[in-house]
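Here it is: the structure, laid out below.
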């Protein structure tokens, strides 16, 4: 009797729903395995006591010590940080300024600028690397004799020479990360409530003060995202850096690549594991802070609703 | 009126000053290099390699000999993009609609691989796909001798592995933004699970699909590390051809011509795709990011 | 450690000639020393005892006094080509940290030198590059006064192509590191057919061992050996002959496991069974995996010698010369060779090698097997036909 | 440091004056030769359908837009080229434009901080302003946690705290529900009377304008149609647009058959031959006999009785039938089919209303006094 009261189709639908749910979960699990098995291997081999990545010969921390004491590995790590940080700072600053200026630029100039931004994002890293390298080589070949001439003219001794180095990597990285920042900030500006700036003007804030007190806080998420993206791209880039890197200043990816040629040792895994640990730790800290603040916000919201309910009833 | 005219000038100058650094950057590091590439592409190769001033179309006429590399890259980019989409969409959908309280954690887990070196992660696949990895496992299971390394499969795998997060993210964002009431409305109007997905969810997430596809397709077209590491020099992309032309055979003019054509191919493909794609979806909020 | 040696190290440390870390490491006081000594990647377990006299010490070579060597040195070389311990000893003795930057081919080396701004100090170029490097001013003529330990009179000229420029002059642009041949290795476990010639190599690559063969990502050797297959000169630039070589390469390509100059990992993992191989790699592989045999093609191929050279405009000239001088010491050469296993040219160095090394037929093959081999010619480095052929082949 | 403009520079009774102001956006003329004098301390409403130019006018007063031609004076001082942040005028924005990254107190104190008020002073005045809008204790709240009405009051406090010469309000109640809107209307009016500040209020809601305003300006297509007190606009609209926009009107079309401009009387003959006599207001249209004209009659002036019409002097009577009857609570609306077309009548219930019972479909007579007829030429 009870069977009849429950319509069978509904049970069937529920069962199908459960299956769909399970299928999604299985697919997701498989993908996470796919994403993390190689990383787990990287971390595992960083504890390898043996000399080669790939053959596990017991566990040890020795490669961490080797890595920390390797001046070239640590130098490369430092170079990557320097390049990533400068790239992030310059790209976000210039990109944000440009995005703001584009709001007030005549349409034709804006269209040209947007097209170039588009090209800068689309152009493959390898072409950026090659093209900027050729440019740098030619530019320096022209500038250095000029400098020498000037120095000779003023009798200032040995002239400085400009060559490739971390600065050229930064310059090339800024090119496309700045384009990304411009797109991000422009999107945010487009979505921004114009009346907020007007309200600020209306309340006696000058354009500069309005920018600092209203526009900038509104743009902050886009700017932070842009800076993070710029840092990540720059920190992990091999292609462009390998072309425009200067004498003896390899970045971490370049160091890793030449290690692969040398025959990779667990030292590299140890470095990768350390970088991963640092980023994950930062991530956990950030998310804890975020969770705390969102919990506070939730509590406040609840209190507000209660008040409002009390007030209106 | 005079006063406001002066102010207009001042504001124009301020705008120009704000734009100037970025414009200079573009000019020096994008436009001038591109112009150099164009000039080089019409030049000749110096005896020991490099560039010799000349004006010839020979480099462009020679390009068909590199058609394989172009076509390889194009197919792999298309294949990789489609695979990323097929694999990434269910994950993004799962994250956006079903993951519940773990959603943030799971989402972050998609991005974390980005923060370990791209090279080391890809290198890890050498161990997995090499003779002592999966193939020996399969052999033990009685599947016979299978070669995975240095095959198009390995390269495709490396591509999907590295670019999947770039696909999942925009998909997730567009699915997450989707108004749940629309799905309820669809079900209320009698559409089943699948019909709702096909007629409501999919069209409304097309902006995410559009940007995900572009984010993945463009870098694969210019890829060269993944084929170099997992393709053993046999799976050859146009990026690898470019590196060889500049850093091995030192034929800069020919390399420049190939680079120019690569840019043009990508630009055209992306432009057409955006046109068609955004028309189809009826959505204007298509952006590269 | 001998008290005298320790005293000298301690003086160096006190006078600031070496830093604290180097001092600790060299004196064996630091944990670091223990760790690093333990991790020395050596394919043969305890190489030090086998070599005549073992590790070089300050008694064998000491840096020029009163010269500031700087802190770093960049050496651009080939993979698996230096004993990491040799490099460490140099660092211990001088305080100069050395970065090895392995490349895949002389062509790549040239390309980067032509672009400029490499920051390299020392190169290990192959014999056929000196004509180009000399004429382009990419290398410094060696300043012999800064190389007191170098004595080229002991060098076996038979095994040595010229490092002078212009040819026939007395201006040296490099001195020999070692020499070797380009043959191939195969793994006996899987390869049962007889393989003795390049004809065997390329034929079996397309049939029995399809999917298991590696050739170099290097126009010189890959094209050269394909020419040898057809009975042409390794150095041919004849259009018709090159066309035949290209045809062969294209036919083989789909059957290859890889086109790479880093063939040791796949050979070790048995991903590949046969690989075009240089002497030193062949000897290293054989030492670790006896099943892997090294063969010099009886139908011809390449004999080569590599040199130490100083890059023009180096920023670390003093350190570069110090390193070259260090490497010119016979005991250092012999010690270094225990790792890289390439044959030496310096008779004094050879004399210090163990009997085991000297009798190794891979390292020191019978003179008869070398008769058909050719040194690469200077033209090959810059020849456009070959460069184009190789680029075409790879993107085919 | 922006300082409030000197309000004693010229002795004028108008706080805001627009002299022949025109604003064009490209080829579109948003505001067309508008002249306004906004009396100090008045509640002044700009009323009109969307796109009529009322918001543009407000934005020109605020300084967000510059007039294409003409002049604007605030407290007697021309303000051409003076940016918004140097005008002692504050705005309550349509969707409030509260800064999402600041709490309530910081939002309210924003304007004070810009002019360098001390922290103590700021705190004190913010507290006062929140008191004024009955939001004391809400200072640390996030703006997005507040209800619509509370947000609206924050926006009001944020503007009032600066003690502006003129407060501009751009449809401030548009986002609120009806009940809250009614409450806020009263509250706003009370505030305005209490503070004595000039309010310039933009709305498209005629009820709102009628309830609150001292003066209403009706705009259409960038032009001022009529300005005056609510009663004047209701009783004496100058054209069909105003008559239609303010309140509801029955309109009967015809031609002028008699005209006495001095006496303010005219006759209109309808196509059915009926002649209606009524008031006419001269507003410069210079009508003449034979011109097309409209007679407007407010629905509450129509009287309905069962049976057939009987002509009475000074009254117009027509026959008709009740087509539809809608109960509106305090009154009943009747849609009538008559010889003159469809008319709407409204009858208030005063307890005795149900004495005459008329039912749908019933034949009735409709009549109204001549003084209910308003003759409009334009």
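Per-chain residue numbering starts at 1, and chain names A, B, C and D are given in the order in which the chains are listed.
Just so we're on the same page, contacts are C-beta pairs under 8 Å (C-beta built on N, C-alpha and C of every residue); 3 or more make two chains touch, one makes a residue touch a chain.
These numbers come from a predicted model, not from an experiment.
Common neighbours of chain B and chain D under the contact definition above: A.
With chains reduced to the mean position of their C-alpha atoms, the one farthest from chain A is D.
Overall, the chain located most centrally, as judged by its C-alpha mean against the mean of all protein C-alpha atoms, is A. For the pair chain B and chain C, the distance between mean C-alpha positions equals 39 Å.
A separation of 16 Å divides the Cα centre of chain A from that of chain B. Averaging Cα coordinates per chain places chain C and chain D 93 Å apart. Averaged Cα coordinates give chain A a centre that lies 54 Å from the centre of chain D. Chain contacts: chain A has residues 54, 260 touching two or more partner chains. Looking at chain C, residues 265, 269 sit in touch with two or more other chains. The set of chain B residues that touch two or more partner chains comprises 130, 132, 246. The touching residues of chain B, when paired with chain C in their complex, are 45, 47-50, 65-66, 68-69, 126, 130-132, 147, 149-150, 232-234, 236, 238, 240-241, 244-251. For chain C in complex with chain B, the touching residues are 105, 107-108, 110-112, 114, 132, 136, 211, 214, 217, 219, 253, 256-260, 265-266, 269-271, 381-382, 384, 387-388, 390-392, 394-396.
Contact residues of chain D toward chain A in the complex are 2, 62-64, 83-86, 89-91, 93-95, 97-101, 110-111, 114-115, 141-142, 145-147, 150, 158-159, 162. Touching chain A in their complex are the following residues of chain B: 11, 15-16, 18-19, 21-23, 25-26, 28-34, 36-37, 40, 87, 90-91, 93-95, 98-99, 104, 106, 108-110, 112-121, 123-125, 127-128, 130, 132, 161, 164, 193, 218-219, 221-225, 229, 239, 242-243, 246, 252, 255, 259, 262-263, 266-267, 270, 287-289.
Against chain C, in their complex, chain A makes its touches with residues 51-52, 54, 62-63, 65-66, 69, 71-72, 133, 136-137, 140-141, 163-164, 246-250, 258, 260-263, 265.
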